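Look for chain A in each of the two complexes below; its partner is chain B in the first and chain C in the second.
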Partner chain A sequence: MSKIRLLAKTKNGTTQIKALIKHPMRGTKEGDSTPADYLREIKCTHNDKVVISAIIGTGISKNPYFSFKFKGGSKGDKLTLIWTDNQGKTGSKDTKIR
Partner chain B sequence: MQYPLFTTALSGLTLLIALSLQQPTNAAEMSLEVPLELEKPSYAAPWKRYSHSRWKRTDWKDFSNMRYERSLPIAKPHKFETPIRGNPENGKKLVNNRKRGGSCLACHIFPDASLPGNVGPDFSLIGLWGRSDERLFNYIYDPRKFNPYTVMPPWGKHKLFTKNEIKDIVSYLKTLTKASDFKTPEDNPANRPIPIETRDNLDPFENPGMFTMELGEELFTTSGPTGKSCQDCHSDENAFSTWAVTMPKFETRLNKIIGIEEFVTRHARATTGAEYLAQSEQNLGLATYLRYLANGQIIAVDDSDEKTQAAIKRGKDLTKRKIGQLNFACMDCHAMNTNKWIRGQYLVKPLGMYDHFPTYRTSRGEIWDIRKRFQWCNVSVRANELPPDAPEYGDIEIYLATFNNGRILSVPGIRH
Partner chain C sequence: MALSRRTALKGILATSGAIALGTTVLPTAVMADWPKKAFEANTVDDVIKALFESHDIEESQKISINAPKIAENGAVVPIEIKADFSKVDSITVIGDKNPVPLIGQFNFFDNAEGYVKTRIKLASTSNVVAVVKADGKLYVARSAVKVTLGGCGG
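Coming up: the complex of A and B.
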């Protein structure tokens, strides 16, 4: 089960986003038949327009934390974080800019 | 007019007697009226060691653990008529080999070592110490003959190195006759900066352990198979504002110390019917949440009754027991050698070890309760661990908890 914690705050015309995703980020290991399960891509949209998209892999820690900024954004705007994993599953969370 | 006054005093006395009769156990012990399931183990039986991550699979049944003592007798010194002629190059490799119980560098400074420890003496110039080959061999084979208080493992007697390998190590030690400098300032343990945890453990973005706490909060209001939830009985908002700082406690019916984790399992079975097995996500969730509610309170475990005091004494004795293939006691590292380094790991005092559990370990990406931490310590010194609800762990937990009385609870913690 993946969970997302998402916070977006705007100050002086810049929006700061903090995200913590609960995810095992498991790669393959010799002698271990557990299938790999890791995030492939994270994407963030502001009013349905992509502001950041990142391709990631098994080099990223378990339960990864991401923080980034973009210019623009005002209070009350819709912000969405979307992830896709290597098995094709996706998850997302909406929030409003504070 | 004196008569009614006398009745009031008398009835007050009666009330007092009645109150004291209602409580058969000491306040330091768990009340007999608390519903608990008492028959089954609180973990998935039979206990199996965790198979993931770095938990070694070896069975160390030939060595002592927290349940039984099987220490091998101290070895008789070997006699050597001629100087030992081993292979110093192989000796150097063995000294650096981390797979044989952590390498000699874990405790001793050697030339060119990266991040050596400083629990034992500096060996940079041991070749000039004038020790005979025989003495060096026997000291490595089993140092207990020479120093009964040593914390060094009996490398030969406990079969971590063969006799020929120890001969190679002796030959290598004999070559160490020239002073050498550390490659970097941090390689000198005397200069290495002491690690200090500065992360805000209660920041939900900083500590993924807060996900676990939230799961517990959710489970608290979730109905179990009997149709009841925790909240149905514990509806008072402040019901748990201090409970967690009074745990663990002596449980008369189980005749052992019961910690919050085991309590959650047994109490839920007897009330909501939910099965929250030890070390499951749900169990950790509730155990973390119930402590979270008491965050900021001073740890105040009551040790006023005999049974609790006896448990604390047993726990203290267990922390002095030499266990495992490496023959370490808790106290060897955490009392006799605190503020020293084992390679890059800094040894701390038992004070402050307890108040942040369950703790999210960033090196594992998992939240660990105190019992799992004990199990990991045991496996690290190559001793078989016990199931999480073992009475021995209860004794150690209450010893540690009362030792930490007065500290402030802050859960979930975050550590490396």
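Coming up: the complex of A and C.
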């Protein structure tokens, strides 16, 4: 299971999300039979409402880092990051806005 | 009881057909939104065609790409993209010399700002292309990054 570090901080009416996901982000290579293993989709929800969704491929570096911003958000609000990979596995992490 | 060659073959065809269907249907059902075609496109133009209906695209100063001029390690190139429009729908990041040029598409809802910061792989010295969809139009900006060590080992 992949580990996620998720931080959300609000300042002057804007919430900044920072996420670090432990994942190999491996594509297929010639002469290597190791199966591809990479994230395909990530989503951020604020109080269970989607604010950012992304479709990604192997062009994102290993152990992906993302930062996003949105207007609003109060201290204590629920923020969730959800990912799905190319093998159909998913993972998620909840945090509270600080 | 004689099992004729014909019925035996029919049976084999039917089961193999079902297996083939099963394997092709399953991943697309799980991954409904992942645009395979766009990730298979070889050029920036083809990626844009695969992702957007409109192909009219305008260069814009309102997009700022913060990327290093020289990246020592192409496997980890930090980038930051800001799009200064009233309502940004999406930012698409493309590396024009990568074997898979499309890096990712970030979609913004509600109060999300047209902003993304991440780390990308660049195979060689190339342009980071940011395509922004805002107010129903497409805008583009580029930033050249010189890569001293290619990053497509991973």
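Following the convention adopted for this analysis, the second predicted complex is superposed on the first by the 97 of 98 C-alpha atoms of A that agree within 3 Å, B and C clash if a C-alpha of one lies under 4 Å from a C-alpha of the other, contacts with A are read in each partner's own complex, and residues count from 1 in each chain.
The working rule: contacts are C-beta pairs under 8 Å (C-beta built on N, C-alpha and C of every residue); 3 or more make two chains touch, one makes a residue touch a chain.
Note that the structure is predicted; figures quoted are calculated from it, not measured.
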Side-by-side fit of chain B and chain C on chain A, or clash: fit
Chain B versus chain C as contact partner of A:T80, first or second or both or neither: neither
Partner chain(s) touched by A:K22 [first = chain B, second = chain C, both, neither]: first
More chain A residues in contact [chain B versus chain C]: C
Which superposed partner A:I52 touches (first chain B, second chain C, both, neither): second
Degrees between the directions from chain A toward chain B and toward chain C, using C-alpha centres, nearest 10: 90
Partner chain in contact with A:E41 - chain B first, chain C second, else both or neither: second
Contacts of A:S61 with chain B and chain C, given as first, second, both or neither: both
CA minimum distance (chain B, chain C), superposed complexes, angstrom: 5
Shared contact residues on chain A - chain B and chain C: 24-25, 61-62, 65
Touching residues on chain B, where the partner in the complex is chain A: 204-206, 208, 211, 362, 365
List of chain A residues in touch with chain B within their complex: 3, 5, 7, 18, 20, 22, 24-25, 61-63, 65
Chain A contact footprint on chain C (complex, rising order): 27, 30-31, 33-35, 39, 75-77, 80, 93, 95, 98, 100-113, 115-121, 151-154
Chain A residues touching chain C - in the complex, by the definition given at the top: 14, 24-27, 29, 40-41, 46, 49-62, 64-72, 84, 86, 88
